[in-house]
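Please find the structures below.
The two complexes that follow have subunit A in common; it is paired with subunit B in the first and with subunit C in the second.
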Partner chain A sequence: MPYLILIFFVVFTLVTAIIYAVSPQKFRYIILLVASLISYGLFCGFGTAFLITTIVTTYVAAIIIDKISQSYSPEGLSKQERKKLKAKIKTKKRIILAIYVFINIGILLILKYFNFFASSSVKFFSLLKVNVSAPVISIALPLGISYYTLNAISYVVDVLRGKFKAEKNILKTALFISFFPQLHEGPFGRYDSLIPQMTSGENIKGKNLYNGIGRMIWGLFKIFMVSNRAAIVSDEIFNNYSNYGGIIVIMGMIVYTIQLYAEFSGYIDIAGGISKIFGIQLSKNFDMPFLARNVGDFWRRWHISLGSWFRDYIFYPVSTSKLLNKIVKKINPVAANFLIVTIPLFIVWFLTGLWHGASSKYIVYGLYYFVLMIIFNLLSPIADKILLKYNISSENIVIKTLSITKTLLLVGIGMLMFRAENLSIFVHMISSVFSKSAEFQLYEVIDSKELILFIISFSIILISAFIKLKGYNVESKFNTLSLYSQYWICFTAFCVVIIFGAYGLGYIPPDPIYGGF
Partner chain B sequence: MERIYEILSTIKPGVDYENAENLVDGKILTSLNIARLVAMLNDEFDIEITPIHLIPENFNSVKSIYKLVTMLDGE
Partner chain C sequence: MKKVITVICCILVTAALYIYICLVVSPKSINDSGGSSYYRGMGFLAEPKNSIDIMVFGNSDVYAGFIPAKLYDQYGFTSYASGTALQTIGQINQLLKQTLRTQKPKLVILEVDCLYEKTYKPIDNTNILLAPFTFHVRWKELKFRDFYTIPDRTRKYDIAKGYVYSNNIYKFENENYMGSKDSRPLPIPRRNLRHLKHFIQICRKNNIEIVFLELPSASSWNYAKHNFIKNFSIRNNIPFIDLNEKDSSYRIDFSKDFRDNGNHMNVNGAERSTLYIGDYLRKKYSLLLADRRSHEKYKHWNDVVDHFYKNITEFSCSKI
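Presenting the complex of A and B:
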């Protein structure tokens, strides 16, 4: 399946690009839409009905909300009357939004979370010695449902907030929701930044073509040269966790972190590369996450588009809500300051955990970051004051190194929880770090050739990050080269991945981790 | 404006707010800081800052925060 998706995307993009290039400019966005719906239909079959439902409800909800907004005419009204009318309109718009969210989150909840909540309820009742049974829903989860549902909601909320007018052309709304490179693993996008690019019908330029192909190959390099090889080692350790302890578990944690980063950022590079061919710039999803100074900073650098979605559509609305502000006004200022951040943060991290998967492990994973952020939030003003008192800059190399190391350790523990099959295995693995060590013959798991290729490939990723850190932009430099040079660089890199990549016989392709969300 | 300086210094001390022009884009103020800032500004100036106002341009400098407060105060 993973290879099939990648091969499919490469071939599909090629065919789409040819049809797109020969079509009249004003119809090109329709080509992208048709391609998106065909690719979705091929992968999801019946699941396309859910995508279509989201498209239609999104279109209708935005149009109705826009119409309600237009009905506001304050001429000749007193300030009091204007305020009343505004409040009435706001309520009407919110009712439409609530119905819309109910339908779409309802679909997501039923398809993705029903079985989890049902089985949890059964377990809960059995603890109370009450025997109940729950039905099991066995519909395959439609591809990218967590991505397109949140993207669609962001569009309707932005229309409600008056950020832009509702789109009158349903084809454009449909393209924003179903654009095929984004559907598999994201990134999340915003309507006002994406739709002008998607519908401009820009010619396929040589510069964009090679830049896009270059990015796609870089993504393939990360997946086939690094992630798939890291998976060989991490799978051995996590699948046979009871055999290992001590430094081996730490190694498993580090290797899995490398695997996840290379795979997820690789898929994002491929999505970005495909989009670039059509002149579309997707939003940034990674910004050197392993240089983060604290866990909050890590989440501003890792899966950025998910973090900013939760910030803009959950955290800010909750933290600025009248209800919360009313509650905190009644308590003392110190507690109020604490709660105004803590309550929305709890909701965000509970939902972030749940977004990653329907299991208690993911909920605890989200709440783990919630607890870390609360601790950081409480301690950081004290740390700031201490640094200020002793005139130590936060950019001091020792402080910086300590902060990054501490963050890596905390993120590593999070990764261990994320990868472990369930929470009891996670606890077992954590305790085995201190309680036992084990023999681990690396060469029995991965042969020396594979290991060397992994080390070289991962070093290339590290070097590219280091170069970027020094302010040298490889992508800009690539863009200034002649098309002839760009062609040969892409061709050589592609050959390297084809010849040395970890795929085919003897390799078990791991499923795309973020593709399951 | 002075009150805004005071509020900001309570939330995150040690920043040169007089000259800072990239408080959000430069990751000096995080969303947690912004949440506290909004609550304190709403309370102090009796205004209603909503999510639509929570964009980097409105919080990148003390001047822009002051401009936002003045605008909402006049509504």
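Presenting the complex of A and C:
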């Protein structure tokens, strides 16, 4: 992302914070909403129409669903009649939900996936020697559409589930869907935890301000000092993949993993920092993912909010659905237990892959994790038994190290697939790991000073993770410092990032990877 | 009260530190990273007062295709090539205003390729307060002198008078880059048109003659642009020299004249184009422009000419 956009966001946030601070408390959420819509309009222009469509349909659907429940009174009805009434209400609500999801997922499908499905269909028919042509939609994908659509759906589904009442104030619904810090790369939020914070109109406190600015600078540090420099090396290897093999491909895989983590977690830190200034705590999205013991554990630590969204709104509804339970009832219990987990898991990972992008590569990427999880589910009881037999604790340092290394290797392969242009390039790169590498002149790709700075910066991230692991909370320690100390730490860190960061002229800014989803 | 004083001190120390960082990272010479764009177009500020008769403004075509030393050597006209990469007419207006503070040019040549420049730099890279952002690669090359030297754009005398020497030769093959003569005129962006009108206004207010010029640029120029500028120049009574035009007596040597892919001229092309312009100016503005070669005040121009020819003898032509 060009650094000017990030700087724009920093300045935009500060201006919004000033206006927010001088506004009456009860109108402050409107300031946040106006700021969100202005920033979205500036970046998306016409695309704002899709955001507004989602806001309006979400508001209306939630209100109608709420009204359906209120319009039926069970008083004076027999048990059977009540049951019938309940079923009728449920059906009506579900119809509204289906229409709502149809509209919003329809927009997402058309804008994001239409061209992919159309070209795939053309290819399929050409295999059958049938010549067909498909139109191409050339509307720019509205910023963050995958994020706000899923956020909005979670709100309506929660209203349908009776978790909370529908919001009567459309401005509050709009703020939840369009809140600017999380619109670009997430994280996904839940209405019941976010909207009370967003609408409380909390004063901007010194502690929150510096904590927020500190987190923003930490995010900028990850992006400009680590991710953008890692991109210089990984782009060289992935863009010229046919020249490289062996250890160089493995290096590309590791560097890309660092790049992706630093970039994505950096943007999440910036979003979290901006929100913190306004007293809003966004949901956690990372929890030291590279210390995961298995791939399931990895996905509970990486993009946590996406995983929990799929768990709550896809996995549970599918695994508890009447249809699936009806099907598995007819088969033997072992197979039934297997299928009741496997089928929802398949759907979740298929959709996770598809969410990442309109390409067969992403679908295979999702299914890769599905297969790994199924294998893990089948093998872990056996592994547990072996450990038990030899009286080895799963917390044993050797076992722990082996588990983490195995997970890193599997995740690394996933990253390679994620970054490779397409599946055939991925296969080529994987097979080239075992072939001889062409000479790789690292200093021709990145100069020694940049490389040293990259190593130092990445070491700082590792040290911060290590001390967190040891139970020392840097953020809490920062919060206990005086406001002046916090100010000077922020200023120094800001100067370090702007002087030593890799951005602007002389660097090719990589596009935000998760911003494209 | 104590709190207020502490806050004020905090702000002042922050501002002082930030300004110091800005000064440290700013380029101190034309050879530092970012130094060429920071100093090159501004070298006229270090020229003796009222010593430049012709100012040439434009983008990178100007510093590649116009040689003030050659013009002085052959015709005795003093000039300065104030061109930087992707320079817009808006920025040229600023430069023109700065020029008028120390110089009284009799004639201004505007290289019109810049009128089609759509890249508006959101950050002014000459603003010292934005130095950490614009010159952020400078951390790699900081020297001890950077910590105590204050960058001063007004004292960066450029002996090449804005010209950037290159003897690279790129053989360009598409000789029909101008397209059809009857091409529909391609208007310049509205914002640029507004700035251009302002440019003309300033010149006329200060009795400065204007000449529009298009140096050979095979990768950016064509008849659609030519036709628009030609119509505009006729309407505004401004002479227009287009060295790309097929009817022009100027002949581009595509095998020798370019330094890169047809975009910028090398020293061969620049010498020929400068002589062509010099000849034109002598014929048309003989009453306005004086030959300064015999004046004592302009003696330093001999060093300028020597420096240019020294470059030629030092570098033999190489082929890309």
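Following the convention adopted for this analysis, the second predicted complex is superposed on the first by the 514 of 517 C-alpha atoms of A that agree within 3 Å, B and C clash if a C-alpha of one lies under 4 Å from a C-alpha of the other, contacts with A are read in each partner's own complex, and residues count from 1 in each chain.
By our rule, contacts are C-beta pairs under 8 Å (C-beta built on N, C-alpha and C of every residue); 3 or more make two chains touch, one makes a residue touch a chain.
Quantities reported herein were computed from a predicted structural model and do not represent experimental measurements.
Q: Once both complexes are superposed via subunit A, do subunit B and subunit C end up clashing or fitting?
A: fit
Q: Looking at the overlay, what does A:472 touch: subunit B (first), subunit C (second), both, or neither?
A: In the superposition, A:472 contacts neither subunit B nor subunit C.
Q: Does the superposition put A:46 against subunit B (first), subunit C (second), both, or neither?
A: In the superposition, A:46 contacts neither subunit B nor subunit C.
Q: Considering only the touch criterion stated at the top, classify A:124 as touching first (subunit B), second (subunit C), both, or neither.
A: Neither: A:124 stays clear of subunit B and subunit C.
Q: Name the contact category of A:447: first (subunit B only), second (subunit C only), both, or neither.
A: A:447 sits against subunit C, while subunit B stays out of touch.
Q: Give one of first, second, both or neither to describe whether A:434 is in contact with subunit B, with subunit C, with both, or with none.
A: neither
Q: Once chain A of both complexes is superposed, is A:341 in touch with subunit B (first), subunit C (second), both, or neither?
A: First partner only.
Q: Go through the superposed model and pick first if A:381 touches only subunit B, second if only subunit C, both, or neither.
A: A:381 contacts subunit B only, not subunit C.
Q: In the overlay, work out which of subunit B or subunit C sits against more residues of subunit A.
A: If we count touched residues of subunit A for both partners, the winner is B.
Q: Who does A:102 touch here: subunit B (first), subunit C (second), both, or neither?
A: In the superposed model, A:102 contacts neither subunit B nor subunit C.
Q: Angle at subunit A, subunit B to subunit C, CA centres, as a multiple of 10°?
A: 170
Q: With both complexes overlaid on chain A, does A:161 touch subunit B (first), subunit C (second), both or neither?
A: first
Q: Of all C-alpha distances between subunit B and subunit C after superposition, which is the least, in Å?
A: Superposition on chain A places subunit B and subunit C at a least C-alpha distance of 45 Å.
Q: Residues on subunit A in contact with subunit B in one complex and with subunit C in the other?
A: In subunit A, no position sits in both the subunit B and subunit C interfaces.
Q: Note which residues of subunit A are touching subunit C in the complex, please.
A: Answer in residue numbers: 3-4, 7, 447, 449-450, 484, 487, 491, 495, 498-501, 503-506.
Q: Subunit A touches which residues of subunit B in the complex?
A: 12-14, 27, 30-32, 34-36, 38-39, 42-43, 49-52, 54
Q: What residues on subunit A touch subunit B, complex-wise?
A: These residues of subunit A touch subunit B: 161-163, 296-297, 300, 311-312, 315-317, 319-320, 325, 328-329, 336-337, 340-341, 344-345, 373, 377, 381, 384-385, 387-388.
Q: Spell out the residues on subunit C that touch subunit A in their complex, using ranges where they run on.
A: It is residues 6, 10, 14, 17-18, 21, 25, 33-34, 122-123, 132-134, 136-137, 139-140 of subunit C that touch subunit A.
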